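Next come two complexes built around chain A: one with chain B, the other with chain C.
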Partner chain A sequence: MNILYFEFLKLRKKSRGWLGPILVFILIMTAFPLTVEFLNEDLEQAFFSILWIAVLLVMMLATEDIFLEDFNDGSLEQLVIHTESLSFVIGVKILIYWALIGIPVSVIGSIYCLGITSSYEMALLIFPVLLISSYIFLNLFCFGNSLTLTKGSVLGTLITMPLLLPLLVVLGKVVIAINLGLNYFDFLILLLGVLSIIIVTIPLIISFVIRAHLE
Partner chain B sequence: MTMTYLIQAENLSYKINEKKLFQNISFEVNANSALHITGSNGSGKTTLLRIILGISKPTRGSIETNLTSDMCYLGHKNALKQYLTVEDNLILQSIQHNKPLDTLLKDIDLYDKLDVVVSNLSFGQQKKIALLKVFLNESELLVLDEPCVGLDGKAQTFLTSFLQEELGKNKSIIFSSHINLNIDAKSINLDN
Partner chain C sequence: MIKKFIHQFASPKTYLKQVDKAYSFIFFTSLSIYLIAIFWGLLLTPEDFVQGHSYRIIYLHVPASFISQSLYLGMAFASAIFLIWKVKLSAYLVRSIAPIGAMTTFIALVSGSIWGIPTWGTWWAWDARIISTLILFIMYLGLISLHDSFTNNEKADKFLAILVLVGSVNIPIIKMSVEWWSTLHQSASITITQKPAIDPSMLYPLFASAIGFTGLVICLVILSSKLHILDRERNKSWVKDYV
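On to the complex of A and B.
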């Protein structure tokens, strides 16, 4: 419980770490209508593509130095030598990032969705997809950043990108499914299935990668 | 009666890029005992401590541990969050030590610093906070890498008396230091 509170405190006190990505998300979602014709149909057409890319970018920004600070100040060494599972702590860390960044971004994304599509149903259906996809993005970017812990986040992002592309394809299909009223829950279960695998395996893999870095 | 060891190392060697850092180092650390690792800069003191902690692996040799609890480690990096207060940085420490936190803070001249953000403290004060985590720890083995760096005379004296006291409580200590800490300890020199 202490580790959960400590990780929460760490992120909360670093407003740059959580507020920055949320503001970037708001900026993208507010600015994109200015660059296209002010016809609602045009906005709707581009909206979901912009939404998914914005979520992806924000999660990338949020996880940029997720392990670097702990590596530089010696906290990771302390975590490795204690019997409390490193993968558990990493899982907690990702969960806190999701709670402070992923959930607000999902709520704001749904509000924008309501504003653009004027459909409560669409906004309600998009919300769980946003929640799940932001958590998956966070996990994958954390994995990429752990691989290149001391080499900068750009390389980590490049490594992660191929893993994210199939998810973007699925997210595009979810919007089509909602519009056509088909298979929405099938896609949701698929995304939940992916998340349930990732939520267990990624922290475990990251813990091995971090141990290798420290060695 | 055979004494059970906490740490037993046999013929430890470590190479970095084909350069031998140290070789054939053997030692045993039992309960209530201390081990002082000495050596010149770059002789591998920190690396040896990291091998003991299980963070690094030796190139050759073996190390066995017989511990019932986690080790407590203070390295060159203090593991302090610069943007958090001293109190926040101590959240993960279980405050169950015989000595209350207030007394310990007084002993190291940090009584009024609990609410201060760590980045506003001097290097020496930050080192004291890192040591405070050691003081509050209940591990049976303390591993300290250059614990005296940045400490004033009073804090060094307190650290020495604390470690001597811990040795009497069935605890063991492994430390590297260029300064002689005046505690009863076996010594190994990595330059030899």
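On to the complex of A and C.
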């Protein structure tokens, strides 16, 4: 609990760390209809693509220096020799980032969905998908950033992006499933299954990578 | 005795000696097989009922696709060996295979595009199989970039191995993409559980081209690994004697 509170305070204090990505998300979602001169129906079709890409970009921005600051000021080394398991600490860190960035982005995304589609049902169904996908994106971008801890975030993003593309395909299918009234819950279960694997394995892998960096 | 053999073979010096002995045989045999397969496939096999002569690119496209995925699986296997048993040779092989894998994936994508024009009427389609193969190509480039961004080779090897293992989730996605999604790309014509959907007159040159192409790619991997090993071990005395 101490670590949870500590990480929460750290991120909350660094307002550009959590507020910045949320504002960028709002900017993208607001700017999108301004740049498109289609009828309402076409706007709705393009909206979901923009939504998933915006969530992806915002999660990428959010995790840019998730470990770099700790590495530079030496607190990452302290975490390695801490009594708590490093993978647990990393898992908590990612959870806090998701709580302060992923959840607000999901709520805002659902509101925009309501605005574009004028459908409460669609907005409600998209909300859990946004929650799960934002958490998956966060985990994977954290993995990429941990690999390239001292090399800058661009390379980390580049090497992680191929792992995210299959997820984008699934997210596109979810929207089609909702529109056609098909197997939405099957897709939700699939995403939850992927999340459950990632939530356990990625912090373990990241802790291994960080220890290798600090050797 | 098996343990001694494996242990011995894990040495880069022994590996170079063994591949030097085997290289010429593998190269000339696979080149002969591939040339025979190409001649057979291009000139002796009948025209396809639907696709006409355009199907003949199968003798390049299918081996290239198959090899690009197999090379990644090979890298994943070598990465696991490196991370578990710290065998240096495995790390060298992973780094050597990456550019060859990228090249074969590129050949698969380009040959597929060329085949797409007469069959689908388009160079490109956002189809599950094609997207996942493109992801594989980008993964290979990412692996090379990651390794080369580090000056410390030991760390680079470790991180490369981890990324290879994490990225290996893409291989079953590529393989099963034609089953899980309704795709433009045709489903597998050759499976373990069913009779092949290709006529034997076209199937046998396809097998021969796959074997020949595999042998040629193995030769490329051998050359690449030799260069990489000599570069990494350049301060050792055996390298000076070897060169």
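Methods note: the second predicted complex is superposed on the first by the 214 of 215 C-alpha atoms of A that agree within 3 Å, B and C clash if a C-alpha of one lies under 4 Å from a C-alpha of the other, contacts with A are read in each partner's own complex, and residues count from 1 in each chain.
The rule is short, and it goes like this: a contact is a pair of C-beta atoms (placed from the backbone, for glycine too) under 8 Å apart; a residue touches a chain by one contact, two chains touch by 3 or more.
Remember, it's a predicted structure, so these values are computed and weren't measured experimentally.
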| item | value |
| --- | --- |
| Touching partner for A:185 - first (chain B), second (chain C), both, neither | neither |
| Which of chain B and chain C A:120 touches, first, second, both or neither | neither |
| Touching partner for A:75 - first (chain B), second (chain C), both, neither | first |
| Touching partner for A:169 - first (chain B), second (chain C), both, neither | second |
| Which of chain B and chain C A:161 touches, first, second, both or neither | second |
| Overlap of chain C and chain B interfaces on chain A (superposed complexes) | 215 |
| Chain B - residues contacting chain A, complex | 53-57, 70-71, 73, 75-84, 88, 91-92 |
| Chain C to chain A touching residues, read off their complex | 128, 131-132, 135-136, 138-139, 142-143, 145-146, 149-150, 155, 158-159, 162-163, 166-167, 169-170, 173, 181 |
| Residue ranges of chain A touching chain C (in the complex, touch as defined) | 143, 147-148, 151, 155, 158-159, 161-163, 165-166, 169, 205, 208-209, 212-213, 215 |
| Chain B contact footprint on chain A (complex, rising order) | 2-3, 5-6, 9-10, 13-14, 72-75, 77-78, 80-83, 211, 214-215 |
